[in-house]
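Two complexes come next, and they have one chain in common, subunit A, joined by subunit B in the first and subunit C in the second.
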Partner chain A sequence: MSAYAYSVLAITGINVMLAVSLNMITGFCGQFSLGHAAFYGAGAYAAAFFAAAGSSVPVSLLAGVMVAGALGVIVGFASLRLRHDFLAVTTIGISFLFVGFVRKQPWLGAEMGISRIPSSGLGTQGNALLILACALATIAFSIYVNRSWMGFGFRAVGDDEDTARSIGISVSNYKLVAFTLGTAIAGLAGGLYAYFTQFIVPDSFGFLVSVMLMAMVVIGGTGSTLGVVAAAIILTLLPEIFRFINEYRLLIFGGLLILVMRFAPEGLAGLGRVAVGRAWTR
Partner chain B sequence: MAYYIDLAFNGLVFGCMYALMAVGLTLVYGLLRILHIAHAAVYAFGAYITVIVANATGSIAIGILAAIAACTLLGMAIYRLLYEPLLDYPPYVAMIASIGLLVVMEDGFRIAFGEQGLTFARNPYPTQLHDIAGLTVNTVQIAIIALSTICLVLLALFTTRTRIGIGWRATVSDPRIATSFGVDAIKVRYLNFAIGSALAALGGALIALLNNFVEPTMGFVVSYKALAIIVLGGLGSLQGTLIASLALGLTESYGTIFVGRFLDRDAIAFLFLIAVLLIRPQGLAGARTA
Partner chain C sequence: MDAVNWALEVEAAAIRFGGVQALAGVSFLIAPCEMAGLIGPNGAGKTTLLRIIAGVLSPDSGRVVLSGIDVTRWPTARRVRHGLALTHQIVRPFRSMTVLENVTLAAGHRLTANPFAALTRIARAAQEARAREILAKVGLAGEDSKPVTALPLGHLKRLELARALAVDPSLILLDEPLAGLNHNEAAKLVDLIAGINAGGITTILVEHNLAQVMRVCRRLLVLDQGRIIADAAPHEVMANPAVREAYLGPGREHAAA
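Let's look at the complex of A and B:
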């Protein structure tokens, strides 16, 4: 495989990790977050900062996970007080707040970002394979969580908080766990991204990225791990395969969002279920 | 001292601008419980139409009127084609579709009119300076404050004094009972989108005049600030929205001086939002039970 193929593989893997982790928060637990890119960015910046200061690869990645997860706990606490639309708007705020904060910090490189991130020592191929392994682990973890008792708790909270509370499910604990897990994985993706590109700027983690991740989740089918993985892969590869699309990338993203919401609000997973259902009845 | 009064005036101008934007969002949210994010695209569309028509006809007034007419139609079309079919789904479905529409329209502006944006061929107003009680202000700033005050007073009179306005408020508080009293709920929805979009068009036109410039992404940040405002105002409350608009305008204006070194202007709005929400999760004017 060429270096280009490995870099496409790496970006796809990172997007899969991000979309699947967002799906844990939004799909499983029903907490609408439009600020996922901020946690991705927090992980990337923390890892880059530690790496530039001379920490080893595992330590830097762990720093990314911890910082993003800690931020996730804070936003999780906000989600205990705010519901539905209030939460969606607040998480949009987190997206803007993160970029607005990083832009003004000289010790994080301000507008110029961090450019002196040391190499992980694995090379392009090694990095891509590490990312692929992490992405596969994330998918397996997500499927495992969904089948476990915890997944049941998440779904109960997502479906109807008050009913969940009345049957003795600790709604606040589940929400906090969902935010912590989802954002920690986003932080890991950020750290891997920082090592992969060795150069990060604030704009890579802006609100449009959050929208793109949410697009992957809803196009894939909110709550379905495999649907979300499929959507993340398709939406990442599409502009790579059809170069001319790149110019109109946002137009196509937006258009897909409208079309999917208008004609198939359950996303690819919903379409898949319908197709399987028809095949069964025949 | 004069400097701080200057800041207050600037904050007031932006507050009025935000109010023009946010009123439309509040109206839509109050009636349909949809976060109408694409409202910002209507605003940007209004700004583009103003510049294009003004440059073609040579009259800025015609440009503004054309923008208001076009956006009124656009707003109603958005309701009919995008939101109406989605009303039976959970509210996030319409919100995601709305984000999609915003992204599509912004990219559409970029493709159609170029990344660099457009400017007025002739726009003397931002450089016409007046001296009012020691404050130096330009014509557009005065127009923003005057026009937004007039529009909002007219809106208040309309909703409290006319039959249609009262029917509208009745529909917002209880659609079924209002319908049984003979109010046409569907017409009310169109009216809602028409008025909200017309106000957004006016806001877009005025901001285009103030900056003498329109660009594809001009609606982007404003859209989220308007969302922040309606949440601050307590979602669906008109008075709350007006208070929140002015409060945000002033906070930003002073905030850039005091915390501008740590945060950029757009982030201040959201810090303000998050701080207020954590203290009062129901917003500035929302009821405790909401």
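Let's look at the complex of A and C:
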């Protein structure tokens, strides 16, 4: 495989991790977040900062997980007081706040970002395979969570918070856990990205990235891990395969979103179920 | 110290919303296994009182004691884990789930109490078996795999009851379970509730349908303008002039037939 192929593999893996982790927050637990890129960025910056300061790969990655997860707990606390649309607006704020903050911090390289991130020592291939392994682990974890009683509890919270309370579910604990898990995984994706590119700038973690990730979740089918994985892969590869699409990337994402909302609100997962259902009855 | 452990003690509960004293010091005791009706005209404070017992609202003053433990500052979920169950006036099932899933999740209330402990558990067979048992009890056997959106209101009311029973309560609060049902459905549901109470679950029934309440409750509490104005057997309550006045307005007692 060429270096280019590995880089496509790496970016696809990172997007899968990000979309699947956002789906844990939004799809499983019903907490609409348009700030997922901020946690991705927090993880990338924390890992890059530690790596540049001489920490080992595992320590730097762990720092990314911890910083993003800690930020996630804070936003999780905000979610306890806010209902749906207000939470969406707040998380948009988080997205802008993150980029605005990082841009003004000389110790984080300000506008120029962090460029002297040491190599992980794994090489392009090793990095890509590490990302692939982490993406597969994220998918497996997400499927497991959804099948566990924790996932059952998430669904209850996403469906109706008051009813969830009336059967003894501590809604606030579940929301905090969803935010912590989802954002920690985003932080890991950020750390992996920092090691892969060895160069990060604030704009890689802006609001448009958050919107793209939400588009992956919605197009894939909110709540369906495999649907979201499929959407993440398709939406990452499409601009790579058809170069000209890159220019119209936002136009196509926006158009797809509208089509999905109008004709297939359950996304690719819903379409998949319909197809399987038809094959079954034939 | 009282030797009896009351199922529920409400002590001088008071709450004010802006300029309105919604509850002005409400006190009453409910004995274990009792079935009490809570009635009162619109705006009397029934829903407010129910919310305070359920932990949705916190009273400005007063206490709520469940089976001998002061739960006044506890959130709803914790009270539920301590033996309280409640149904909503407007049915609120988990809409993305099937009938069986709705009740199974409630039956797994011990597993879901802690999210991290819940993460380590997958098997649902025991809770599903329990949920089927409860569904059969409330007359929803055979509806297991239906999505809740496909159920008529009468069945949704039963599902609400099934979900409440699945948390293994010692006390169940029913907020207008008969609202929206026709006479036949209401009578059947009340019989079901009476049967559940006879099985040893303390029951508080908040209802507008007086005929049905009178039929099954041996004790009626009447709330008016944030106070308990009567607390006695149904026929005594109905003979009480203060109650007639609250329902019919001053000077109109003779109109009650």
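General remarks:
Here, the second predicted complex is superposed on the first by the 282 of 282 C-alpha atoms of A that agree within 3 Å, B and C clash if a C-alpha of one lies under 4 Å from a C-alpha of the other, contacts with A are read in each partner's own complex, and residues count from 1 in each chain.
The criterion applied here is as follows: a residue touches a chain if its C-beta (ideal position, glycine included) is under 8 Å from a C-beta of that chain, and two chains touch if they have at least 3 such contacts.
Keep in mind that this is a model prediction, so the values were computed, not measured.
In the superposition on chain A, A:147 makes contact with subunit C only, not with subunit B. Applying the stated contact rule after C-alpha superposition, one finds that A:211 touches subunit B and leaves subunit C untouched. When the two complexes are overlaid on their common chain A, residue A:136 makes contact with neither subunit B nor subunit C. Considering which of subunit B and subunit C touches more of subunit A, the answer is B.
With both structures placed on the common chain, the touch criterion links A:177 to subunit C but leaves subunit B unconnected. Once the two complexes are laid over each other on the shared chain, residue contacts for A:82 go to subunit B alone; subunit C is not touched.
Of the two partner chains, neither subunit B nor subunit C is touched by A:70.
Residues common to the contacts of subunit A with subunit B and with subunit C across the two structures: none. Residue ranges of subunit A in contact with subunit B, taken from their complex: 32, 78, 81-82, 84-86, 88-90, 92-94, 96-97, 99-101, 103-105, 207-208, 211, 214-215, 218, 248, 250-251, 253-258, 261-262, 265. Only residues 29, 33, 35, 82, 85-86, 89, 91-97, 99-108, 111, 220-221, 224, 227-228, 231, 235, 260-271, 273-274, 277-278, 281 of subunit B touch subunit A when the two sit together in their complex. Of all residues in subunit A, only 145, 147-150, 152-153, 155-156, 158-160, 162-171, 173-174, 177 touch subunit C in the complex they form. Partner subunit A is touched in their complex by these residues of subunit C: 54, 56, 75-78, 80-81, 85-88, 92-97, 101, 105-106, 108-109, 111-116, 118-122, 124, 163-164, 166-167.
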